[in-house]
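Just below sit the structures, each encoded as structure tokens.
The following pair of complexes shares a single chain, chain A, combined with chain B in the former and chain C in the latter.
Take a look at the complex of A and B:
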């Protein structure tokens, strides 16, 4: 009662001011964000319809219409970088969600020292990407890397992890799985621990098997969490740069050149900024499509 | 009866063994890097690998020789602290606004900040590079701080709105009835309650900025270089100086890992909130 009267009085006195109140809190952050992003995004949109090359830009930056965009899809390397990126995404996400789910289910048990083990598993995800890339480059070295040393000790043949085109992308996938499985596992674990207990007790009383419980209870109930984890992993794998750049630099023979590395090469090695900007906008478009589809799925799974 | 008990023992042994294996696999490359950083250079490539040796600080001395590494350490620290501090100030207010007010366009703005966080850095850094060149801001700490705000602000908004949503609104309302302004209620009631969340957000944002590489490698030069870029400078045309890379890498890694261990409980909660609560 007292509360209602107080707020009603306040509303009457300065209703229009109250309506402006959220602006006061929210505007500063968004103004700064817009100020930083608006010009770059606008400028690269403009660039994507122009020809800007290191040799020619002093003579002028001619309008070329959709040439850059059309050129992208007849550019074998761009199409190949998309294929590499999505192959990487599919491989890394499959392994990360399999291992992540297994790890989350294991950690959901009442284990001694669970807190400590959870903290230690978290560490790879907090490592500097540059350091991860270089450490694994040393571990994967054909001659003196530890991975090959232990393979030989086990009686297997050493593998050309980084120097053979067919192995470069799998190597990048291995490093990404090492790096981010814990992120997936910890998100899924948090989701598992937030599930209601009653359906699981009911299933146990009914004598459901472990697999039945997992397949028909855990997985459907965990769907929102899985989709959110999937959204973040798809966004992050789609734009991966650091680890690839340091591990293989996109090579050998562009076998591990992801879209980010491709755009980097056109932007900062051949300085074809118009073309690189068109590729950037294709990246943003693809990212938005994936994000919207997943956001829809997330919204539906929660309703 | 006995068979059931034996089965349970085996199951729990397998559980422990798998989790411990995961822990060992997670730690191995990190431990290997730390160990390598203390190895005398002639043992770096020894096959079979040498695990017991007289530890030496030679790699660390070589990294710090000349004094530039210390300067780049300061660059990293200043840039990460500034990008975190500014984002936290702006993001906390915005998050509070989202958590407490219903207004038209709120969901669009929230979406906008998410999209900003999802933008591939390579798409933003090309025009930023041209812009900073035009206003002569390349090779300055400000260029990096400004670019890092593009991800630290959305991160702060996203994490803090979750933490604010956990503070019951009634606490603030009763304070406001007692004559407190909304701003006063925010500072006296809600902020102290979300302090752990604030710390976790600060740590996460600091680590993203501390670890960042792509913006740094393009926008910095001899004056403003940060540590992740500095490490790659030990890969020269002639040789890759693994000993120094290991030492410099350890110096970058250790603060991040210590922070992560301190705040891990809140980090997981903050990161997963989006997943659990939507």
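Take a look at the complex of A and C:
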């Protein structure tokens, strides 16, 4: 009896220890994350309700309530930067998924040198964005760029890639498509190769055309993959900064100013940190809504 | 169930890819971004220190931040002389022009002590002083053990006044810069054209020489973050004024609108400038002039040495003689036939961030750099010293002919207002120019909007009610 109670007590103590054990493993990572994620998030949330300027913050950071948020939506430049961001997103995603799907379908065949080709198309993705931005800025240079050089050699007129408002955003889209189409292709290819064989065989026996197979079998079966790729790319395109900053700095005339460039301008050029924080929080909110909707869709296609 | 495992696999792929992309820099192609992240240049490697003055006190090494361009190249050479004279080490960090102000502000605010000295435009400093990020020089000036016995602030006027706030000195001046109209002597002579003194003559010459796409008559700059630097010469030359005595914003008055109209019409109406000028800033203007793409253009005088150096600008040299000559920025001809002039100017200087751990070493370097000796070397290396004694030094006068023209230009120079809200005002002004040149707004519209923003900024800064 006594022995039993002692064992139970020991077990209880051990159980308590065991329950505590994971804390030791998780705590360091948790603390680091809290420090680098939670604190800035909390601080910028606090900032978004205050007025923080370089010239004034030593005298105090006054509470301004929702002023920053109200100011944001009455600011035409913010609304315009949202429009630019969504235009960019729509343009880039459409092209990336079209080309990506074509590439994936091509690589799904038993081609010679498929392995090599697969690694080759990944090259643009391996470059850092700063290198991409600077390289393309040179390529797109009106006077000395290679792109215009070859256009002229072909007897075409040189294009003002980065200096014409109407061309600036398309130029950025071209670079993004060049950069990440292979990423989309790779995801779709992985999805294609994981598809079951049987429905395709059945369709072939039934005499379905290539288009019918693609439209009624491949696409629906690929839906989860497409959604994952879409979620990933939407998040990426929505917060794009470095490539745009290096190519056009948001210009000319704000024609390519995305939301992150807008935030940068208010945050790090004029150091209006309260206002910039409010803009960042709007970004998070918009991104969150899009992510939740897509995650729901992914969940539904899973069931 | 199958689908769930599948989605998990896909996410794993995505994660691995993400990691791959993050590790990619090592695999990045060659032709790395030299422009953005040049490794810091140690002046010691440029010229090893030899004879050390025994009297010079030993100080710890310091790091100086400067934007890329002629001032950086000059600092490398001049700092090497300082190292030779004192044996104290100076490391120079070069930062891209377009993000220079933002980067400095972030570093100062972070209080990181990365830089001991920074080369800055005087009109950036009021905001930094308000944010308590700069170190006042007064403790050094009054300390006999630190300040040089030959220190004389009067020699640094008026530059040093632009760096003085509430009676405290926050920096010593260098580079009281203004711009010249650079023109191709050979092309002007070939066509028998006179050097333009007025804007009408400027436009006529540009039209006469314009032969696109090989040669453009003139050139302007309207890069998003730099446009105002290039436009301000036209602005002041046309009689523009940023604010009046009562801080009322006047950028959108008749003269301002006329200036911006002329500026943007060089592209939109007369087509005498390269079509992509909306992406031109200091460096692009310099390149276009060096490449012989344009017959004339207004550029900062700091560029004179680069433009007249045949090893740096071989395409605009003939038989070893530079063909790019310079003169005063054109003006407006009045009813009396006299030409009224004006041109933009900027005052730069050396400041010490509060977070530095080597304040005294930093101060001694700045003091030397702006002293008669240091400023003279700075001038002979292509710089524009703000030390009046160095400017009048016979060696300097003999070797740097443009200072004669600078003396002539002195009364026409205009500085942008130096306030705690200058960054906001500057950005609004910048925007107006970029938007107009890009064709998104009319000059009147753009300047009205800029004026509204600048008025708001001035009210926020407490300059007006």
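Definition applied: the second predicted complex is superposed on the first by the 274 of 303 C-alpha atoms of A that agree within 3 Å, B and C clash if a C-alpha of one lies under 4 Å from a C-alpha of the other, contacts with A are read in each partner's own complex, and residues count from 1 in each chain.
Throughout what follows, contacts are C-beta pairs under 8 Å (C-beta built on N, C-alpha and C of every residue); 3 or more make two chains touch, one makes a residue touch a chain.
From a predicted model like this one, the values you see are computed outputs, not experimental measurements.
When the two structures are aligned on the shared chain, A:22 is found in touch with chain B, with no touch to chain C. Within the superposed three-chain model, A:136 lies in touch with chain B and out of touch with chain C [touch as defined at top].
In the superposition on chain A, contact is made by A:270 with chain C only, not with chain B. Looking at the shared chain after the overlay, A:228 reaches both chain B and chain C. In the overlay built on the shared chain, the residue A:111 is in contact with chain B alone; chain C does not reach it.
In the superposition on chain A, A:91 makes contact with neither chain B nor chain C.
When the two structures are aligned on the shared chain, A:57 is found in touch with chain C, with no touch to chain B.
Using the contact criterion defined above for the overlaid structures, shared-chain residue A:120 touches chain B, although it does not reach chain C.
After overlaying the two complexes on the shared chain, residue contacts for A:190 are found with chain B and with chain C alike. Overlap of the chain B and chain C interfaces on chain A comprises residues 126-128, 130-131, 134-135, 143, 183, 186-187, 190-191, 194, 224-225, 228, 268, 298, 302.
Chain A contributes residues 2-3, 6-7, 19, 21-22, 24-26, 28-30, 32-33, 36-37, 39-41, 43-44, 47, 102-103, 106-107, 109, 111, 117-124, 126-132, 134-136, 138-139, 143-144, 146, 149, 178, 182-183, 186-187, 190-191, 194, 224-225, 228-229, 235, 238-239, 241-242, 245-246, 259-260, 263-264, 267-268, 273, 276-277, 280-281, 283-284, 287-288, 291, 298, 302 to its touches with chain B in the complex. Listed in rising order, the residues of chain B touching chain A in the complex are 12, 15-16, 18-20, 22-23, 25-27, 29-30, 32-33, 36, 45-49, 86, 90-91, 93-94, 96-98, 100-101, 103, 106, 109, 112-116, 118-124, 126-131, 146-147, 149-150, 153-154, 156-157, 173-174, 176-177, 182, 207, 210-211, 213-214, 218, 228, 231-232, 235, 242, 245-246, 249, 252-253, 256-257, 259-261, 264, 267-269, 271-272, 274-276, 278.
On the chain C side of its complex with chain A, the touching residues are 3-4, 6-7, 9-11, 13-14, 17, 20-21, 24-25, 27-29, 31-33, 35-36, 98, 101-102, 105-106, 109, 126-128, 130-132, 213, 222-225, 274-279, 288, 291, 293, 420-421, 423-424, 427, 431, 434-435, 437-441, 460-461. By the touch criterion given at the top, residues 53-58, 125-128, 130-131, 134-135, 141-143, 158, 160, 162-165, 183, 186-187, 190-191, 194, 224-225, 228, 232, 248-255, 265, 268-271, 298, 301-303 of chain A touch chain C in their complex.
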